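Next come two complexes, and both contain chain A; in the first it sits with chain B, in the second with chain C.
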Partner chain A sequence: MAIVKDKVGVVSCSGEDLPEGTISRIATRIVLEKLRPNDTVTICLPLFLAGSEDERAFARVFPTIAIDGCDKRCAEVGTKKYSGKPVATIVVSEIMQKYPYLKAKSRGKLSAKEKELALKVAEEIAAKVDEVLERKKRGDSN
Partner chain B sequence: MSEEQKVAIIACAGMDKSLGSVARACAFKVVEELRSEGSVLVCIPPLVAGVKPHSEWIKEYPIITIDGCSERCATKIVARIGGKIRGRVFIPQSVQKHGLKPKASADIGPEGEELAEKIADETALLVDKILRK
Partner chain C sequence: MLKDGRVFVIPCSGIGKALGTVGRAAMYEVVEKLRPNEATTICLPLLTIGDEAVLKLARNNPCISVDGCPFQCARKNIEASKGKLVASFMVTDVLRENKDLKPKAVTELDPKGLKLASILAEKLATQIDEINNNNR
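Up next, the complex of A and B:
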């Protein structure tokens, strides 16, 4: 019998409007590929918003964390509107306040400092993933 | 130049495929470098969330959609909102045409960059064509 492992969906804003969106996107990939590859999956936000039932069903069933570049919180708003409320939202511009020496300037390729910032954000996402899975294991629905 | 002074560029920017990242890189190249005066970049999440100016640009300007896969999310979303699509770019077709393969979603690599540049050049010509009409 196959055992279905609990996963957390990570929905990142696709971030074309601001450099913080690029950070959210890269940070999400770091979590998916390096920090928590076995515990996370991503939901493609454009596909989700375009109406893919598979993507929307996932967010209804599994806990989802929205990663937003700025306080417009488009990933959170979209997830809430079409599926279910994310269990948590991480806003890059808020995390950046903790690291004033790390600025996001580019919407395209990241500089060394921007990569460092993306890693800091990724670590916060990974910690949140652990917290969500731990809560789920304890049977805490919130 | 016609009364339509700008073209709105909407790229899928999907995260789970490298071609979404190529679509994104291509859109940046057009709006930031090649046709910075003649184009604006509309970002899908704020567009769907109704955030200005994205929700206004979609009504105001002719649109070029750039899709990274056969789901064609950018085109579907614009069509649903009622935007006027005047040009469409389909990245998988460009991959075949140019024979260049991007590396990964987080880093499209040198071939992906070259591919994005080639598609951006073609998209810029599409912008010119729309603005001349």
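Up next, the complex of A and C:
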């Protein structure tokens, strides 16, 4: 039997219209590729609506963290609506308040400061992933 | 409203695949450089969650979907929202015409991905001109 390691889902809003959406996307990729590659999985958010039941099972299979650019919280709302309630939400605009010297202005290619901001957000996501895995290990349901 | 009266270019922005990033990059090239006064974008997830203001914009203005793979999430989300879909593009079609430009990285596009995005952006700009000419 295949051994399936516990994983945490990270679903980014990837909002196209706001710089914060780009930060949410890049931060999520940093977690998936560099910070917690063995502990995380993702799915394209719009696939919850466009895909099948297989895709919509995502948040029921993996405890999922929604990563949102702004307080519209599209990843949180969309995941809850189509798949399952996220176990946590990280909102880029809220994290930005902690780092007033790091502004998000570009929607496309990020500046050095924006990359720094994306890394800060990624570190918060990674810490949340560890927390969720720790809770899972202890057998907590939430 | 500021965005009304423009063509909406809406990419899927698929995070799991490099071709989702290509569609997103092509959209920025069009709305920020090639056709800044004629085209704009919205956050696709706002359609996914049924945000009233964005639904209205998508229903009242021509929308072009740009998808990274055959799931065609942008197209299906616009259709499900009853948006005014006037054209659909798939990055995979453009890649088929330019087989040597297969991008690898998802986060930051490599030169091949950027070139593929530019080719797609030109196609999108031509489509926007056609839409505007037909509406005159």
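In this text, the second predicted complex is superposed on the first by the 141 of 142 C-alpha atoms of A that agree within 3 Å, B and C clash if a C-alpha of one lies under 4 Å from a C-alpha of the other, contacts with A are read in each partner's own complex, and residues count from 1 in each chain.
Please note the rule applied: a contact is a pair of C-beta atoms (placed from the backbone, for glycine too) under 8 Å apart; a residue touches a chain by one contact, two chains touch by 3 or more.
Because the structure is predicted, anything quoted here is derived from the model rather than measured.
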item: Chain A as common anchor, with chain B and chain C clashing or fitting; value: clash
item: Partner chain in contact with A:117 - chain B first, chain C second, else both or neither; value: neither
item: Touched partner set for A:126, first chain B, second chain C, both or neither; value: neither
item: First (chain B), second (chain C), both or neither touched by A:75; value: both
item: Chain B versus chain C as contact partner of A:14, first or second or both or neither; value: both
item: Touching both chain B and chain C, residues of chain A; value: 12-17, 21, 25-26, 28-30, 33, 42, 44-47, 49-51, 72, 74-75, 77-78, 81, 107-108
item: Sites on chain B touched by chain A in the complex; value: 11-17, 20, 24-25, 27-28, 32, 41, 43-46, 48-49, 51, 54, 71, 73-74, 76-77, 80, 105-106
item: Contacting residues of chain A [partner chain B, same complex]; value: 12-17, 21, 25-26, 28-30, 33, 42, 44-47, 49-52, 72, 74-75, 77-78, 81, 107-108
item: In the complex with chain C, residue positions of chain A that touch it; value: 12-18, 21, 25-26, 28-30, 33, 42-51, 69, 72, 74-75, 77-78, 81-82, 107-109
item: Chain C residues touching chain A - in the complex, by the definition given at the top; value: 10-17, 20, 24-25, 27-28, 32, 41-46, 48-49, 51, 71-74, 76-77, 80, 106-108
